[in-house]
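The next part holds the structures, each set out as C-alpha cells.
Both complexes shown next keep chain A, but they swap its partner, so chain B is in the first and chain C is in the second.
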Partner chain A sequence: MTGWQWDIDGWIVLAGILSAVSCALLGNYLVLRRMSLMGDAISHAVLPGLAIAFLISHSRSSVPMFVGAVSAGLLTAVLSQTVHRYGKVEHGAAMGVVFSVLFALGLILIRQAADHVDLDPGCVLYGNINQIPLDAIGSALPPPILNLGIVLLVNVAFIALFYKEMKISTFDPQLATTVGIPADLMHYALMVLVSVTTVANFESVGSILVIAMLIVPGVTAHLLTDRLGAMIAVSIIVAVFSAVVGHVFAAFGPAWIGLPGSTHTSAMMAVVAGGLLLIAVLLAPRHGVISRAWHRLILSLNIIRDDVLSLLLRWQEVRPEGGRPIRQAEVLAAIGDSPLTRWSLRTLVRSGYVMLDRTGRGDDADGMKLTASGLSRATGLIRSHRLWEAYIDKHFKLPTSHLHLSAERVEHYITSEMRDEMSADLTSPQHDPHGRAIPPEQGEG
Partner chain B sequence: MYSLRTARSLLALAVMLLVSVPAASPAWASGEPSRSRSITDTSLQWPSGETLARVLLFRDYNTRVVVIGTTLLGAAAGVIGTFAYLRKRALMGDALSHATLPGIAIAFILLGAKSLPLLLVGATITGVLGVFAVIGLRTIPRIREDAAIGIVLSVFFGVGMVLLGVIQQMRTGQEAGLSGFIYGKAAAMLAADAWLIGVAAIVVVAGCGLLFKEFRAVCFDPQFASSIGVRVHLVDFIMMALVVLTTVVGLQAVGLILIVALLIIPAAAARFWTDDLRMMTILSAVFGALSGYFGSTFSALLPRLPTGAVIVLCAGGVFGMSMLLAPKRGLLAASYRHWALRRNTAYQHLLRALAELEEQFGEGAEIPSARLAGARRWSPLHMRSCLAAARRRGAIERREQDVITLTPSGRAQARRMLRNHRLWELYLIRHADIAPSHVDRDADDVEHVLSEGIVRELEDELTDITGVPPSPHGSRSAS
Partner chain C sequence: MSNIFASRHQNGGDDHDPACPVSIHDMTVAYHRRPVLWDIDYAAPQGKLIGIVGPNGAGKSTLIKACMGLLPLASGSVRFYGKPYRAQRQIVGYVPQRESVDWDFPASALDVVTMGRYGRLPWCIPPRRRDKNAALAALEQVGMAEFSHRQISRLSGGQQQRVFLARALAQDALIYFMDEPFAGVDASTEAAIVTLLRALKARGRTVLIVHHDIQTVREYFDEVMLLNMRIIAAGPVEEVFTQENLQKTYGGRLTLLDKAAQAMARIGRH
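== the complex of A and B ==
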C-alpha cells in the first residue's frame, strides 16, 4: 500500500466508523448496567447460531443468519440467567459456562462446514474488513456497509425513541417498574440489539472488535463525564477516532517502523481504543490516576504543613520566655524527614507562615519561628485539636490516652465554625483533658 | 465391521446428542464415507473399527500423547479451577488467557522461530501483565471488575492480532502454527508437551494440597483469613500463579479462547454434588480429566473435530448432567421436592375439607364429592388425582361413584389438620390482632408446616381450647 486511496481506505474507514459507533452506543448502557461481559458472552455465543442457520438454510443470505444469531444471543442471556438462578452459580461464572460451551459448539459446527464454505474461524475473530473495497467494485454501496448502516440506524432510533425509558431502567429498575416502564422488556430489547449488532459486525470487523467497542468507549466516556447524554457523545467520539486512527496505523504503521505490509485494521482499532482508555485513566479530571495522585499529594502536603505549624507553637508554649528557636533538624526529626517534608517547610517559609532565625550560632544556626500569620493558623489548629479532645472526652467514654490520635487526624478538617460550636457545647473550656490550655480564637490571620 | 456396529451406534448416539447437528444422512449406516462431499452433506464421517480399536487401546503413539496430555490438563484445571471459582476469580482466567496472545507473538518476532517453551514464557509474561492490568483497572473509581476483564481481554487480544498480522506478512510458512494457540491444536502435541503438562499438573495439585487450608480460608472468608494470620495477598498471588501455569500449558491443546471453560465448568459442575471442599476439588478434577479424556478421544476418532471445542462440549455435558441430576442441588431433585411438597399440601387440604364437611353432615356421613369440589377451587382433574392419592394412603373410602367417606385413620389425620388450622387462626386473632375474616388464608399456608412442638406451644397459649375448636370465621363450605 503506497498511500491513502479514497476508493479503498475510505470504504474501510467508513465500515470501521459505522460498526464502532453502533457498538459504542449500546456499550454505554451495558457498562452502566454492569453487563459488560454480557456483550463478550453474546459475541462468542452467536457463532453456533450462525453455523446452525447456515447448516439449515445452506445459504449465507442475511435473513437466516440474522435469525440464527439473534436467537443464539437471546439463548445466551436466558440460559445464563437460568444457570445463575436455578443452578445457584455466580453470575459471571454462569455466563462463562454458557458462552464457552456455545462457542465450542459453534466452532465444531463451523469446522464441519468449513470444507466447502468460506465461514472461516479466523474471520470470526478479526473479520475481513479489508475485503470491503472489493465488494464496492461494480456497486455503489457495498453490502457490508449497507448492513452496518442499517444496524447503526436501528440502534440510533432505539436510543432516541426510548432514551428516557432506557435511562430510568438503567439507573433505577425499581423506579422504572413503578412508573410503568417494563424494565425486563428493556433488558431483553438491549440484548436483542447487542446480538443484532454483533452479527452485522461479525463478517466485517470480527468479534474481538465488537467486544472492545462494546466496552471500551463506554468505560472511557464514563470516566470523563457524569451525564448520560455527554457520555454517549464522548463514546461516539472515541469510537470514530479509534476507527480512523486504527485504520491509519494498521495500513501504514508497519511501514513506519520498517516492516513490510499492513496488519488487521479491526484489531488495531481495538488497540487504539485501548490507548484512548489508558489516556483517560491517566488524565481524567476527577477519576484519573494523575489527578487523584495530585490531590493526595496536595492533601498530604497540607497535613505536613499543619503538623509543622502546631509543632512550632507547642515548642513556644513550653518555652514562654524567649528560649532558643527550634532547629530545622529537630523539626525534620519530629515530623519525619522526607522530600515532601522539606518541600512543605520551604512553602511555609515562602508563604510567610514561618521565618528562619539565623541569629544563633553553631547548631542553632537555622532556627524556625512562627510569623504572626503562622501563629494565627497554628493557634487555630491547636485550638481545634484540644477542643476536639475535650469534646470527645465529654461525649464518649474513652480513656484519656486514646484522645490524642483521633484529634491528630481530625484537626486538619475542623473549621472555625465547628470550633465555635464545640466551644459552646463545652461552655468555653479553658483546658483540654490533658490539662493543657486551649488557646482563644484568633482573628483571621 | 458388523461386530462393532452396536458400539459405533452408541458412540454415534452420544456424539449426536452432544453436537446436535441436524444431520440428515447418517453416514455410519451406509458404510463407506464418500470422498466427494456435497455442500449439504453435514454428516460426520465415522471411524472404521480398526481406528476405533487403535485409539481406544492407545496403540497409536500420537493419540496416546494427546489423550494423556489433555486428561492431565483437565485434572489440573479442575483442581485449581475449584479455588478460582470459589474465590469468584473464574472469569479473570478469560482475561488472562486472551492476554497471552501478544506474548506469544512478541516471543515469535524476537526469536524468529517457533520454540514452544520460549513462546510459553512470552505468553506467561503478557498473561501476568493482563492480570495486573485487571487488578489495576479495578482500582479506578468508575471501572468495575467485569468491565476491567472485558477491556483487558479485548485490547490485549487486539494487540496480539495486530502482531500476528505483522508476522503473517513478515515470513511465510512458520507463522501458521501460531493461530493454533487461539483455537487449540491438540494434534500438534509432542511427548515433551505432554510431559510439560504432567509436571504442571503435579505442581498445581501439590500446591493446592499444601496450601489447602489457606486456600479454603481465603475462598470462604478473606477477612477471617487475614485475622487468623493468613497473608491473603500472598495466597491470592499463589492461586493466580497456579491459574496462569495451568492456562499457559493448556494453550496449545485447548486454545486461549476456550481454556477458561476448563477452569470454570468442572468446578461449577462439582459444586452441585457436594458441600465439602475436599470432595468438590476431587470431583472437579475427575470431571476435568473425564472431559479431557473423552474430548480428545472423540476428536481422534472423528475427522474435523477441533479437540479443544470437543473437550469443552464434554465438560458442558457434565455440567448439564450435574445441574439436572445432582441429588440435593440438581434441578430434577429440586422439582421433585417441590412436586412432593405440593402433593402433600393438596392431600392435607383435601382431608381438612372433608373434616369441615363432616362437621355439617355428621361423623361418618357419606359426603357427595360435588360438595367437596365446592370447598376449594379444584379442577375436576386435580380433584380426581387428589382423591386417588388419598384412597391409596387409606384415608378415604369411596363406596359409590360420587360419595366419599373418611376412614377412621383418615378422620384422625383430618381432624388433626383441622385443629392445627383453627389453632393457628385463633392464635392470629388473639395475639396478632388480625381480623377473623383475614386469618384463613394465612393458616392455609402455615398448617402444613406446624410441627408437634409448635402445636404444643399453641395449646399452651390457648389453654381454653380442647378438641377441635369451631371455626372463628364460619365454615368455608357453609359460606
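== the complex of A and C ==
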C-alpha cells in the first residue's frame, strides 16, 4: 500500500460507514431488548434460506437469494420466540437452539443438494469489502454501495418515523399494547430489518462486522449515555469512527509496525469497535472502572476529613478552658500520615472548616483549630457516633468495647434525620454508653 | 379460541350495562389450555376504589391483563361502559408491576411519564409541548417534579412506583388498573399513593387495584374482590371482607378446580 487513494480507500471507508451505521442503529434496540444475539443468530440461520432459494430458483442471482435469506432470518425470530415461550427457556438459549439447528440444516442442504455452489468461508466471514473499488471501475456508483445505502436509508427512516412506537414497545411492551401500539408487530418489524440488514451486508462486509456492529456500538453507547436519543447518536459516532479508523489501521497499520502488506478492513473495523467498548468500560461516567475508583478515593478522603474534625473536637472537649491547639504532627500521628491525609488536611483548611495557628516552624508544628462551620460539622459527627453507640447498646446485647468500631464505620453515613430518629427512640439521651456527653443537634453549618 | 368452552356462552356482550365502568361476563382464561380463571362475572361500581385480593397464583394479575386484552379469553367478554376494550383504550389507564420493565432503560422520569400520552397521539407523531406539560403536571401530583430529569435507574423503588403512577395520571383515564402499586415501597410512597387514589376517586374515577396486603384492605378500599381462580366474594368491603370469606379465599383451594384444570391441560395436549 502506498498513501491514501480516494478512488480506492474512499469507497472502502464509505461501504464500512454505511454498513456499520445501519447495523448500529438497529443494534441499540437489540441491546435494550436484551436480544443482542439475534444478529449472530440470523447471520447463521440465513444459510438454509440461501440453499433453498438456490434449489428452487436454480440461480445465484441476488433477488431469490435475498428473499430466501430474509425469510430464513424471520423464521429464526419467530422460532426463537416460540421456543422461548413454549419451551420455557430464556431468550439467549432459545436463539442459540434455533440458529445452530438451522445452520446445521443449511450445511446439510448445501452438501447434499447444492454441492456445486461455491461458498467461500473466508468471504462469509469478512466479506468482499476490499473488492468494492473494483466494482467502481466503469460505474459512477458501485452496486454494493448502492445496496448498503438503500438499507441505511430504510433503517434511518424506520427509526425516525417510529421513534415513539419503538421506544414504548422496547421499554414497556405491555403498556404499548394496551394503548394501541402493537408491541409484537414492532418486534417483528425490527426482526425484518435486522434480517434485511444482515443479508445485505453479508456479501460486502461479511458476518463478523455485521455481528460486531449490531452489538458493540449499542453496548458502548448504553454505557456512556442515559437518554435514548443520545444513545443512538453515540452509537452512530462509534460506528463511523470504527469504520474510518478500522480501515486506516487495516491498510496502513501493518506498515507502521514493520510488517508487509495490509490486513482485512472488516475485521479491523470490528477490532476498533471492541477497543472503543473497552475504553467506555474504563471511562463510563457511572458504571466505569475509573469513575468507581474516583468515587472510592473521594469517599476515603471524606472519611479522613471527618476523622480529623472529630479528633479536633475531642481535643477541645477535654480542654474546656482553651489550652494549646493540637499540632498538625499530632493529627497526622493519630490518623496515620499519608499523602491522602495531608491532602485532606489542606482541603479542610481551604474549605474553611479548620484554621491554622502558624508558628513559622514548619507545617507540622502549626496548631489546628475548628472554625464555626468546622465545629458544627464535627458536632454532628460526634453526635452521630455517640447516638449510634447508645442505639446499638439499647437494641443489641454487645460488649461495650465493640460499640466504638461499629460507630466509627457508620458515623460518616448518618444524616440529621437518622439522628433525630435515634434520639427519639432513645428519648433524648444525654450520654453514650461510655458516659460521654452526646452534644445537642446544631444548625446546619 | 378453545372449543371446550365455545358452546357455553354464545351471546357474550349482549347483556352488558353501558353505565358500568367494567363489566366482566363469564370470563375464563387459560394458559396453555390450563384454566387459571374460571367463570368470572363481575360488574365494577362507578367511582370506587376496588381491591383485588387473593393468594399467590390466584390469577389477580391475569384478571386485569385479560380485561385489557393482553391475554386471550378462553370464553366470555369484558366491556368498558358497554363497549369492548378496542373502542375504549383512551379511557383505560394501566399501572403494570414495577418489576415488569428494565429500569436501566436510557430514559428520564419525564420520558417515561410522557409515554402515558402516546396512546392519544397518531402513529409517527412525536409528543408535543402540551404532552410534556401534562407529564410534568402528573409528576408534580405524585411529588416527583424535582426528579423529572433523573435517569430512571437512579430513582429508589418508591420513586419508580410514583413515576409509573404519574404515567397513568398522564393517560387521564376514567378507569384504572393497577398491579400491586404498594409492593416494595417505602412508607412515604405508600401514603402518597393512598392520597392519589382518593383524589382519583373524588374525580369520579374507577380504580381496580391488585393488592397483596390484607391488613390494609379495610383502610384503603371501598370495594373488594376476593379471588382464587374464581370470585369467592365481591362487593362493599364491610359486607364482603369477612373472616369466613377470607378463610374460603386463602385456606385450602377448591382442589377439584385444580384437578379439573390439570385434566384439561392433559387432555388438551392429545
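Everything below uses one rule, namely that the second predicted complex is superposed on the first by the 309 of 445 C-alpha atoms of A that agree within 3 Å, B and C clash if a C-alpha of one lies under 4 Å from a C-alpha of the other, contacts with A are read in each partner's own complex, and residues count from 1 in each chain.
Criterion: contacts are C-beta pairs under 8 Å (C-beta built on N, C-alpha and C of every residue); 3 or more make two chains touch, one makes a residue touch a chain.
Quick caveat: nothing in here was measured; it's all calculated off a predicted structure.
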| item | value |
| --- | --- |
| Which superposed partner A:58 touches (first chain B, second chain C, both, neither) | first |
| First, second, both or neither for A:93, with chain B first and chain C second | first |
| Partner chain(s) touched by A:32 [first = chain B, second = chain C, both, neither] | second |
| Partner chain(s) touched by A:346 [first = chain B, second = chain C, both, neither] | neither |
| First (chain B), second (chain C), both or neither touched by A:167 | second |
| Touching partner for A:222 - first (chain B), second (chain C), both, neither | both |
| Chain B and chain C footprints on chain A, overlapping residues | 34, 86, 222 |
| Chain B residues within the chain A interface of the complex | 19-22, 37, 39-40, 42, 44, 85, 88, 90-91, 94, 137, 140-144, 146-147, 149-151, 153-155, 157-166, 169-170, 179, 182-183, 257-258, 260-261, 264-265, 268, 271-272, 304-306, 308-310, 312-313, 315-316, 319, 323, 329, 331, 334 |
| Complex contacts: residues of chain A adjacent to chain B | 31, 34-37, 39-40, 44, 52, 55-56, 58, 83, 86-90, 92-97, 100-101, 103-105, 107-109, 111-117, 121-122, 125-126, 208-209, 211-212, 214-216, 218-219, 222-223, 250, 254, 259-264, 266-271, 273-274, 277, 281, 287, 289 |
| Chain C residues touching chain A - in the complex, by the definition given at the top | 32, 65, 68-70, 89, 92, 94, 96, 100-102, 104-108, 111-112, 115, 118-119, 121, 123-127, 151, 153, 167, 171 |
| Residue ranges of chain A touching chain C (in the complex, touch as defined) | 32, 34, 86, 161-165, 167-168, 170-172, 174-181, 222, 225-228, 230-231 |
